[in-house]
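Next come two complexes built around chain A: one with chain B, the other with chain C.
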Partner chain A sequence: MYLQIDKFYLEIVTLLTMITALALSLWSARASHVVAAISSSLFILYGLYSGEFRVFYVVSGLVWLFSSTFSALHDRERWYSLTFSGTLLGIMITLLSQNYLEFLTGWELMTLFAYASIGVYRREWRPGYTFLAFGEVSTVLLIAGFILAYQETGTFLFHTLTDTLPLWFTTFGFTVKMGIFPFLVVEWLPIAHGNAKPSLSSVLSASMTLAGVYGIYKMMSLCPQTQALGGVLILIGAFSVLFGALYSYVSDHMKGMLAFSTIENNGAILTALGSLELSADPVLKAFAQFSLMVYVVAHSLAKTGLFLVTGYVHGESMSTLSTERSFSLEIGTTLLTASMSGLLPTVGGVAVWSLLETLFMESISVRGILGLIPLLAGVMVGMGEGFATGAMARFTSFTSLVRPRGGERGRLVLLIGVLMPVLALLSYLLSPEMAGAASLGMFSNSLIPSGYSGGSFGGISPLYVLIILPILSLITYLASGRRRVRTVDPWDNGSGRRLTYTSFGMANNIRLMLRFVLRTRKGAVETSADVFWRAILQLVRGYVRFSRAFSRAYMNSSISWYMIYMILAFIVVILVVFL
Partner chain B sequence: MSWDVISETITQVLGVLLLSPLYAGILDRLKAVVEGRRGPSVLQPYYDLVKLSRKETLLPRNAGNIFLNGPYLVFSIYLLISFVIPVVYPRPVIFTPTVDFLGGALLFSLAGFIKVYEAMESSSNLVTLGVSRALSFSYLGEATLLTVFIAVALITGTNNPYVTMQYVQSLGHYLFLPHVSATVAFYMLWLFETGRLPLESSGMSEMGMIDDSLVYEYSGKGLMLLRWGSYIKSYLLGSVFLNVFLLPWGLLTGPLGAILDLGVMFLKWMVLILVTLVVETSLAKFRLFKVQDFLAVALVLSLISLILTVIGNG
Partner chain C sequence: MRIIGDLGSHCLTSEGLVEGPCKYSHPTIGEGGYGSFSFLYGPSAGGLLESVAFDILTYGESIEDVRALSYKTRHIKVGGLPLRDVLFKVERINVPFAASHTIAFLTAVENALGVSPPEEVVESRIAQLELERIRNNLLVIQRLAEAASFLVPTYRLLYYVEEVNRAISRSCGHRYFLGANYLGESRCQGLHLPRIDVEELRDLLSNRIFIDRLQGNGVVKEDWAIGPAARAAGFSYDARLEVPELKYRDHGFKIVTESKGDAFSRMLVRLEEIEVSLKILEGVEVKPRRFELPLREGRGIGRVESPSGDLAYMVQVEQGSIKELHLLPPSRINILLFLRSMPENIFTDFPFNWESFGIWISEAEVSIS
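After this line comes the complex of A and B, so read on.
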């Protein structure tokens, strides 16, 4: 009881502090950001006290803390601090909501403040409108789902439901906000997130999409399990992983490619959510849950760091940007992109490993043709990881590695980067062992106990890798003896030219090899198009043509046709009422 | 931890370290003989490594920490992998529980990732061209590696390489169609991952380089470690192919068995080298973009293996 009262007061204080940050923005941007950072820290503390949704709270709090700190150091505009803290407040209300109405209030607040921030930043409203339009599509679907839930329970409070229809509606509403196929399609999220300031981009990409994941997870906890939705989510998620990573690889817009990468990560998270819904085996469910939580941590923090990297770069095109590199930025970006590429011993590596293990174990445990779904998803995720590694390598190379050395900066990026291997170790705390299911990465016997092949499937130990790899490197270094180093110009076949190979050129092989998918147009420069966006536009144009033809033929102010419509509508209503 | 396990571990890791360049030397020598040339000595890789270890390191003007220290990390990653998969000794040794098949694949990817980053830090046009090529095919390579490992995992019901190896030793399991298609897919992947596709050319000609271009700016100890690392990588993947896919029989246990296993592995490698020799010398040169088709076939084969297994499970 004492703890509950404390938690209640903490919640109130956290909210009031964020409201104070919002009010302070009218007076001083820096003061507003500092107070937002304090509120974020309080929210992390609140998260640590929480139960089932602890990971969502703590991770969101960390994302806000890093973004607010970055803004306090670099952003001076009062309008920006207003919209920034407003967006954080909206997400906070969403996460803390106790009923559907509070949830929607937070959701709309978040959408409107973010819309204003995107629009005001460039004085160009198209990205903002795009964001708002998709945001409202999401809201409409959420309202539909919440009304269905209200119809069943008779209350707006989050109560357990017996029908799965609210889950279907709200899930697709949330996926719109996450920028997931087939609603985005791959276009709106990069337009919106790519046109915000770095700290807001990180909040939109890491925390706002996380609110969508939280929403789906929350509704799943209220509704009965539905395998059909699980299968659909796995396939949509894996498809998004593959295409998000592919478009990230060929995109030459610095923040756009990160936003496409967000779609890829959200796809992976959706796949984990689908796995959670597909399996009835408690061991496997625990493992899928572990996979989901680690992915949430890995994506949110790494993406925050990478968007903050863009704050140190001048220009938007990867091929023409200018910047200088520093030790902190180079190492920080390398660690962050290693995690985003799903490599051990970072938290991203644990996430990818656990997701793939989940999918492949499910393909054994789910019998029949349904078992093919996680299998195909696993292969798509594998291909997506290949593209993701390429995209991240291109990002690090052209924002840091090939740039001339400059003054020391980007310590915040280094701090978040160092968190990647540290969090890989802390993933023990989330391990299925805690759920009474399996053990992850102990010093000995790190196998995953499962119902297959005598009780074991596989296992990894991030701790082992983190300890042994540096020791082996040190032994190698010492054994290979002293090295004599002489600085020279790169060889380049004796041309004596500086690096002229561009980021755009680096991705051109894929543009050409996958021209059927990317609809690459050959010309002076190779460019690729978003096939999904084109397909949607064609559908819209087709519908408009059909609508015009229909209206001219049958809705041409003819009173007899209107009479027929009214009679038909009457018959349909009667049928619906009686059936 | 018993002395037996320690001695078995030392035998396995030293076997990988010391013998991996030999197989590259034998293959190059036999290839030269088939082409009517005298060819280099089978010990040439060792001579090259010793020579490189004595040379100074040339550091491109823009390069720094990652370029200088990356090779130590890459080498250590391959060394770490040699503890965790049955590449000489058929039973788990020290550190074996570090990763399973999938984790091993992620460690291979980590080494590839560092190689790309250290190469890019040199800011050389030719290196960037090579990185671009390497990354272009990584999506298919990575997916195939994961799919092949999972294919055997689905067949055997475990992702533990040692359990898998024991499982496929039964002839019924060995001749199981999904295992056969996974074997072919993994061999194709091994050819690609070790730069043995008839597309690639090593040396100074940049037209056909993929993997070699990543070390283009390296010299001295850095180049030695990367070359040695490549030999180890080739040995590790080749030995997994031999022990888990193609020839899972014949390895002995115990400290003495571990030493005899080095000889058994030599015989197995001769089989692999002869098959590769036939493939390498009988296929015409590829065009660069045909690599994608080659890998796509490997991926489809491994996918067929997966689908057959899942459908077989009912």
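After this line comes the complex of A and C, so read on.
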């Protein structure tokens, strides 16, 4: 009881602190960011006391804490601190909501403040409008789902439901916000994220999309299990992983490529959510839940760090940007991209491994044609991770590794980077099971095993990798002595023209090989186009043409035709509602 | 009438000289858009036999435009020199094509002086040109095999190149025909045919990996193309049937053509031409022979079909010395064709396409004054 009261007050204090940050933004940007950082810390504390949704709260709080700290150090505009803290407040209300109305209030607050921030930053409103338009599509679907839920329970409170329809509606609403939808895979989110300040980009990418994941997870916990939705989510998610990673690989816009990478990560999280919904095996469900949570942790924090890296870079084009390399940025960026590439001993490695294990275990345990879905998804996720590794290698190389050395910047990035292996160790706490394999040198409880009711499947030991790597490095060091490094200019055939390869060139092989899908164009800034985005545009143009023709033919100021139209529309709406 | 190339200030065509320079269709020079950058290949890079560099405009992987950079320019002064001294220099412009250069030069001199060489000299010249063609075609195919890292075929082809070199040496006293031809004289004695198993060479065509590197690579179908590049694109262009001095028609010579105009077609043409040349050589008798050259003034053109296409000289002779000399080396045209064929290909296509033209920078970048 004491803890309950404490938690309630903590929630109130956290919210009030964030509202204070919002109010302070009218006076001082720095004060607003500092207070937002304090509120984020309180939210982390609140998250630690929470039960089922603990990971969402703690991770969101960490993302806000890092972003606010970065803003406090680097941003001075009051308008920005206003929209920034407003966005954080919106997400906070969404996560803390106890009913559908509170949820929608937070959701809209978040959307509107983020829209204002994107628009004001560039003084160009198109990216903001794009963001707002898709945000509202999402809201409409959520309202539809929530109304259906209200119809069933008669209350706006989050109550258990017996119908799966609210889950279907809201899930698609949330996936729109995550940049994922069957006919709209990868375009709006990069436009919006690529046009925001680094700290807001990290919030949009890591925390706002996390709110979408939270929403689906919450609705899943309220609705009965539906395998069909699980299968659909797995396929949509895996498809998004593949295409998000592909577009990230070929994008030369620094923040755009990170935003595409976000879609890839969101796709992976959606796949994990689908796996959770597909499987009826409790052991496998527990492992899928582990996979989901680890992915949420890995993606949110690594993406926050990477967006903050962009704050130290001048220019947006990967091929022409200028920056200085520092030890902190070098190590931080390498660890972050290693995590995003799914490499051990980082938390991203555990996340990718666990997701693939989940999918392949489901392909064995789920019977019938449904079993093919996770198998197919596993293949797509595997391919996507390959592209992701290439994209991340390019990001690290051209933002840090190949740049001239100078200064000591990016300590915050280093801190987040170091979290990646630390969180890999903390992933043991999320694992439903731990084991040992003494014969392999993995002693008691140092192995995270994967398994389902039919038997065990595999295992991984981040601790083992974390210990072995320095030992092997030490042995190499002792055997070969201090490394001798000779730094030379890149060889340009002796021409002295200092010709170097570019980021754009590094990804051009895929642009050429997949020119049919990417619609590669040469000699233009936009060299690759999204076929899905084009399909949507064509659909919209077709609809506009149809509407125009329809209005000219039947609504040409003729009151009788107008009456007929109204009656027909009314009948159709009644039929739809009735059905 | 077909365009052969610029010879001095004129344009040489299959019908003779016309006012120059030759009119080529100008290619569109690629403008680099966002993401494009320059990539320099050569002059000090693996895969290139001679000093040459290429400035490649690329977006990465794909080649948008190529410019050849000169690193081997040579100026040869011949004005006022006696014919024998000029012959000595001409012979050494591009030693792998020494027979083609000297025979074209001597033909130009003989035409300038109004002399027709005797039958034995013509036969000897045909034998030399065909031996040189066999060797060069083998070398081009060997370079293609080497570019694909096919070491066994590479060394087998080098073995055949050595066979041809030894046959030439036994016939003419020098592996590269140096000293084999002189003013009013042909010095080769007896013809030693190289032993070449053409069927073994055709085994290369059964390797799909090798063929894939060549097919569709460097397609060029310009009507001003010459030599194997023209014949690979379906044009029946060959100086052996157009030039009356060397009586190829008497030896049952037939033109080999392909249609695709890519590196593979160029290799096929060269491969089949080895067999055609061997057949021509079977009907040729080689004997040394001298003949008189009068001391006259005049102007003449000499043209032969070198292994890589038309090679021509135009001379103005006065008092046994050169007053004017112009050269049209086949490599100069082939470089233009190569540059035109390269856009739309990718980096890995480069060495195969380059080798398929059989270009020698030594003759392309020589200037005679």
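The rule is simple: the second predicted complex is superposed on the first by the 496 of 579 C-alpha atoms of A that agree within 3 Å, B and C clash if a C-alpha of one lies under 4 Å from a C-alpha of the other, contacts with A are read in each partner's own complex, and residues count from 1 in each chain.
By definition in this document, a contact is a pair of C-beta atoms (placed from the backbone, for glycine too) under 8 Å apart; a residue touches a chain by one contact, two chains touch by 3 or more.
Keep in mind it's a predicted model, so treat the numbers as computed, not measured.
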| item | value |
| --- | --- |
| Which of chain B and chain C A:252 touches, first, second, both or neither | second |
| Touching partner for A:56 - first (chain B), second (chain C), both, neither | neither |
| Which of chain B and chain C A:319 touches, first, second, both or neither | second |
| Comparison of chain B and chain C by chain A residues contacted | B |
| Partner chain in contact with A:494 - chain B first, chain C second, else both or neither | second |
| Contacts of A:506 with chain B and chain C, given as first, second, both or neither | both |
| Which superposed partner A:107 touches (first chain B, second chain C, both, neither) | neither |
| Which of chain B and chain C A:402 touches, first, second, both or neither | first |
| Chain A positions touched by chain B in one structure and by chain C in the second | 492-493, 495, 497, 499, 501, 505-509, 512 |
| In the complex, chain A residues that touch chain C | 252, 317, 319, 492-495, 497, 499, 501-502, 504-509, 511-512, 522-525, 527 |
| Touching residues on chain B, where the partner in the complex is chain A | 53, 56-62, 64-66, 68-69, 72-73, 75-77, 79-80, 83, 95, 97-103, 106-107, 109-110, 112-113, 116-117, 120-129, 131-133, 135-136, 138-143, 146-147, 150, 153-154, 156-160, 163, 206, 216-217, 220-222, 224-225, 288-289, 292, 299, 303, 306-307, 310-311, 313-314 |
| Touching residues (chain side chain C, partner chain A) in the complex | 31-45, 53, 58-62, 64, 346 |
| Complex contact set, residues of chain A against chain B | 245-246, 327, 330-331, 334, 338, 341-344, 349, 352-353, 356-357, 360, 363-364, 367-369, 371-372, 375, 378-379, 382-387, 389-390, 393-394, 396-397, 401-402, 404-405, 442-447, 452-454, 456-461, 464-465, 468-469, 472-473, 475-477, 480-481, 483-493, 495, 497-501, 505-510, 512-513 |
